[in-house]
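By letter and in written order, the chains are A, B, C and D; residue numbering begins at 1 in each of them.
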Amino acid sequence: MAKVPVDVEKVARCRALAADIARDVQSTIDAHTTIGVERTVARAYGVEGADAEGTPLANALVDKIHGAGKTGLGVGYFLGRALHAGASSVQEAAEQIAFGGDSVEVGANDDATSYRQALAKHTDAALVRIDRARTEREGLRSSLTVGAEPLKYVIVATGNIYDDATQAKAAAYAGSDIVAVIRATAQSLLDYVPEGPTTEGFGGTFATQENFKIIRSALDEISKKLGRYVQQTNYSSGLCMSEIAWMAAVERLDMLLNDAMYGILFRDINMERTFIDQYFSRRIIARSGIVINTGEDNYLTTADAVERAHTVLASQFINEAFADRAGLVPEQMGLGHAYEIDPWIEDSFLFEVAQAQLIRQIFDRHPIKWMPPTKFKTGDIFHSHVHDAMFNLAGVLTNQSIELLGMFSEAIHTPLLMDRYLSLKSARYIFGAARHLGDEFEWKPDGRVANRAKAIVDEALELLTDVQRDSIWTSIAAGVFADVKRTRTGGKGHAGVVRRDALYMNPILDVLEGRAKEAAR
Amino acid sequence: MAKVPVDVEKVARCRALAADIARDVQSTIDAHTTIGVERTVARAYGVEGADAEGTPLANALVDKIHGAGKTGLGVGYFLGRALHAGASSVQEAAEQIAFGGDSVEVGANDDATSYRQALAKHTDAALVRIDRARTEREGLRSSLTVGAEPLKYVIVATGNIYDDATQAKAAAYAGSDIVAVIRATAQSLLDYVPEGPTTEGFGGTFATQENFKIIRSALDEISKKLGRYVQQTNYSSGLCMSEIAWMAAVERLDMLLNDAMYGILFRDINMERTFIDQYFSRRIIARSGIVINTGEDNYLTTADAVERAHTVLASQFINEAFADRAGLVPEQMGLGHAYEIDPWIEDSFLFEVAQAQLIRQIFDRHPIKWMPPTKFKTGDIFHSHVHDAMFNLAGVLTNQSIELLGMFSEAIHTPLLMDRYLSLKSARYIFGAARHLGDEFEWKPDGRVANRAKAIVDEALELLTDVQRDSIWTSIAAGVFADVKRTRTGGKGHAGVVRRDALYMNPILDVLEGRAKEAAR
Amino acid sequence: MSSDFLRAYGDREGDGMVQLSFTLAILPGDRAREAAKRFAEAHGLKNPLVVTMEQASLEHTYFVVYGRSVHGVDVSQIHVEELGAQSLTRDEIEQAGKKLGRKIVVVGACTGSDAHTVGIDAILNYKGFRGEKGLESYKAFDAHNLGAQVENVELAQRARALGADAILVSQIITQRDCHKENARALHDLLVQQGWRDRVLLLLGGPRIDNKLARSLGFDAGFGPGTVPLEVAAYILEEVIKREAVRQPVMR
Amino acid sequence: MSSDFLRAYGDREGDGMVQLSFTLAILPGDRAREAAKRFAEAHGLKNPLVVTMEQASLEHTYFVVYGRSVHGVDVSQIHVEELGAQSLTRDEIEQAGKKLGRKIVVVGACTGSDAHTVGIDAILNYKGFRGEKGLESYKAFDAHNLGAQVENVELAQRARALGADAILVSQIITQRDCHKENARALHDLLVQQGWRDRVLLLLGGPRIDNKLARSLGFDAGFGPGTVPLEVAAYILEEVIKREAVRQPVMR
């Protein structure tokens, strides 16, 4: 691989600073829970279904508890209590609490230990469910071939899950390795996950458990037909970050868009809420073997890609540190970045390559996820296709792991079937025609590419030093990332953040954190 | 520039062999003339116009002489005789000979020396006309800016010269540096140059002197408007190779497609005819300062571009040797080659780059002309556009001088205005975005690119050794170039080849060859 | 046919050449080629040439067709409502603003569930767009950018509270025309609240043009590539015009 | 509307989405956008979106439009004359050739002023195409490739002299339909010479299909991507069929 010079000592300092930054946040995470986390726990225990208006039982249950100001005990506390009190199942327990008039007050003679015991076999079952899905995924994968890197990742986004399934199969036929179903525009601000299959969405399709199943089964079908395993991905992001992580885990998704800070910056979701939710979501993800894709690419849509390139790298160190704290191994960390420099700038291709190569080298075990040009795309679909071609070339040259393929209609609509077909064809051509280009040379140690790479590390180190000094809370408030400013208590969903009670009960988290023994299987 | 290793000693041997090959042919050239050469001489002396059926006077004149078996004396002989006998002008002399019943027999008391004297001022005038055009071109060029290399060369080919002019201006507006008007399908087999402006042609527009003027004036107009000099090119090729060279010289064209062997291989024009015609055409071109573009690119449309890459290089050495013999300086030798490897072959881009870089280095003073992919183009215009993008990238990476831009509709039709606009836009983007890519590294001395370059030199050397041993006549008969076989006396136009008489008179050639004194000016 | 009657231009005046591409749920073959040809003919393409026919899924084929369109447009019949504003310089705007004697209050947002702030930021924020600073940077304006994901009700309320002269709405997401619905709903809300006439309504986004904006009840529409200066000039002129007509402006 | 009625497929069944691009002799602006929109509408595109409008010359603008086409095709109404030949293997052909007891004589050329030999070479020459050898390589055939730039008269004469079972014509250049004229002229010549019925006439090239070839008086047409085997199989079957009908073949 054509390498750029990387100062390993500076990289080590960046990592240490990022670890510090994450450690500071962890104290807040460990002291809190959120209604999203609790709904996830409920679902993991088997709470399912929704009422006639579409309100999921998990929401009704947690809202009841939250309304009574008892979220700090954890939904596990109440489910355990109901089970201990004789409920025949978790579902029955949940219904009793949500609708049946079960008290959500803490009684004087409450017995947390018994409640935990009542939950034990359900805790085991919850974990078994995740593990089984993982085993099943790994089995299927190893029975089929998998594509070569860069993996060709495409999106489908019709709004209608059945059309999505058609298009997902078409994408697989046309050579994609990974299919993402883009979410509907408004979903990340919904504080619940819709139920069942959905057929109406703007700019994408709702992420629901049933929709996950439909796509996975379509992809299983075509994977077997083609003899090539096609991966599925969706978004663990927004106000239901951890719930979706759990759904993805049990429905055998392969990847998830999941970022420690994206919701804060791009959806104006509360900072504390996001940090707490991302932690629990990642604990589940770590267990399930899913690969995350972080969202640093987005920074370059609001901030300038030449001037703010280092913010991407700095944020990747932070995302890595958070992921590490949640138990992910580097092989699960698909750190994100993007090809977003103004294409009309002289040597823009060199700058893109510099960053791509730098990130490839710094995060060498990580399945780096690379995003195509979007911001400078116009309606000139012909030219747009060429712009993507250069992105594809840079991808194979710098050996990116996951290449989200650009679409020539990027500035117009979510992709038509034809757009995606052509995008895949183009990537196939370029990945082949320039397959070993990166093996053919080293970048000159003092050239434009190398110097650009060095400058990015220097600036990232500087930025991380500042953030470590000021804390992430203050830094985000100052707008260091994506040119967006957010405050610690501002944004959506802050009301769903609750300090954990001393009796807080979350046996699933206990296992995921390795604090509780796992059931033998 | 990212260099490949080149064995200079082998290159020197290739050059020496090519010089030998050309020297062998030169003896035939020096001993012969053709009706094409003689018509050119007639035109240079001022013979112009055509009859009602469109037969040019130059043809009527030379046909008359040829019919009498006297071409070996040269048209100059007869024109000089008529002038000596009192004709008031060359035109009158020509008319007398062609239609007026002047004898074309050689009389016992013919006086060649006097005839030559009678021609003297006309010879001077002929050369002055070429030189003036050159001065005018150079003046205009230096009063305007010129584009950066790779120069963006595009074709127009509507069949109608007035539409061509519209499109030529559009091309200039959209950023082209060079505009070629493609010739009508059948023209190269016509043994005359049509007269006047033309509006009907298949696959292109006829090359006529008037058409040259129309385009040059359109380009002058837009060049001045844009402040950027836009070059014009056409084809000095086919049965009227040298006539067209002369027309281009006096009409201020900047470049000409002109190849020592193209006509033989691709138009089945007789070998001797072609070698003789190319020599005289190049003598004119040398004088006029026009840059030639050779046609080795075509080899890869009939032969495989991976297996027969070395034939391109070998032929370039031969074309160089022929051009050198005709007095061209390297700066006028736009040796041609092409991006024609099956794009679906793994590492095809690397192979293309290897050859492009190799040729760039071997012919370092030459304005290398690079042709885009054509053979593997399909009607998928979107994909075709990407294929051209990779060609453009390779062009800027290897610093080609003249880049004929590919068109996404290559497999469909001669370019529409829109196709050309988009092609130029794409080249502008890529030439900018990767402007200094070639400065950023050296190719690994033992990599795929370097090894490919080495192999091509080795094979070219081997081929040239064989050709030198067997002579070019025998080698072409054996199909060494383009997988096409032709015989020495086969093909079109052989009847127009004539052994020079001892009295052969061509004062213009004498000056061009430096054997006669030039008039003082 | 007047000379204002335009046909498509391929490489010769009036040749009518156009390129059409599409996907049909049929597999490649002679039937499919014929189907594509007929499909193109139905659009008015004469002698269409099916130049690409490639299988794009287990059920679909992608086609590229070239043909000579029989259609044309009579441009003499086109009467577009061009934006009224003259092109003013920044200085002229600031001068006129001074004369006005008060700051013009503008309130902008990207509404509904649309989270694309880049466009509205480009117009309003100091940073601006293409090297040109936004309305925040003008002394003549008092610019409030509410950001993205702002509901119509909230926008109306904030604008009223701030005494807005102009409301600037950005709509980027256009799937199934949600931008039109969203924009029209704001207009209707203001009408219902009874103050539509007292405020300038501007709509912008990559799929917006003046004609569309006006059809949705807005005063003006701004498309891709809009620079802050154009918007500043337009608002200023309109405000001055209205000020002249009806004094004083309620606030 | 039967289920055979196809509409364009964008990203949902029946959405009708197509992409149209073209150039108009007008400069960019609101009028031009409207002109492009109307032009697209004239083709049956509903709510067309002009997504690109870029000046391409001092007088022309290039447009890309997306829109939902109201048109469709009823594929149940398409009856294409599919090529008769079954797919045979090389071995089967050689077997059948042996049974025939003589070599099938084929004479091919690229005619008129067309100099594109690659296509006809691909079919006839030993070297072949896409790894498949050409008719020269078959024992069942006696193949003569006359190359390019062959006039119809010469081709007819050579074919007759060689006792051709089949004449293979390649036509690559298609500007202003010269391929059609050229091909039809050969057919007419053979009719005039009175032996059209005694020879198989095949036409091939990137813009040829079976339907077109038949409309020009040929027996079959072969388009882009044709491999020698298909051609061999077709000729063999036809020759056997004809041999059966009318014995002996004049030679």
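Assume a residue touches a chain if its C-beta (ideal position, glycine included) is under 8 Å from a C-beta of that chain, and two chains touch if they have at least 3 such contacts.
Model, not experiment: these values are computed from the prediction.
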Selected interface, A-D versus B-D, where C-beta contact pairs are more numerous: B-D
Centroid-based (C-alpha) most distant chain relative to chain C: B
Distance from chain D to chain B - Cα centre to Cα centre, in angstrom: 34
Inter-centroid spacing, chain D versus chain C (mean Cα positions, whole Å): 45
Centroid distance [mean C-alpha coordinates] between chain C and chain B, Å: 51
Overlap residues in chain C, where contacts from two or more other chains coincide: 9-10, 13, 17, 19, 21-23, 49, 54, 60
Sequence positions of chain A contacting 2 or more other chains: 167, 378-382, 411, 413-414, 416-418, 422
Chain C partner contacts - residues on chain A that touch it in the complex: 159, 166-167, 169-170, 173-174, 185-186, 189, 202-203, 222, 266-268, 301-302, 375, 378-379, 411, 413-414, 416-418, 421-422, 483
Sites on chain C touched by chain D in the complex: 6, 8-10, 13, 17-26, 30-31, 33-35, 38-39, 42-45, 49, 60, 69, 71-73, 75, 78, 80, 82, 207, 209-211
Interfacial residue positions of chain D with respect to chain B in the complex: 21-23, 54, 56-60, 62, 113-115, 117-118, 121, 147-149, 173-176, 178, 206, 224
Residues of chain D that touch chain A when the two form their complex: 9-13, 17, 19, 21, 49-52, 54, 64, 66
Complex interface listing, chain B residues touching chain A: 2, 343-350, 380-383, 385-387, 389-390, 393, 408, 422, 425-426, 429-430, 432-437, 439-444, 447-449
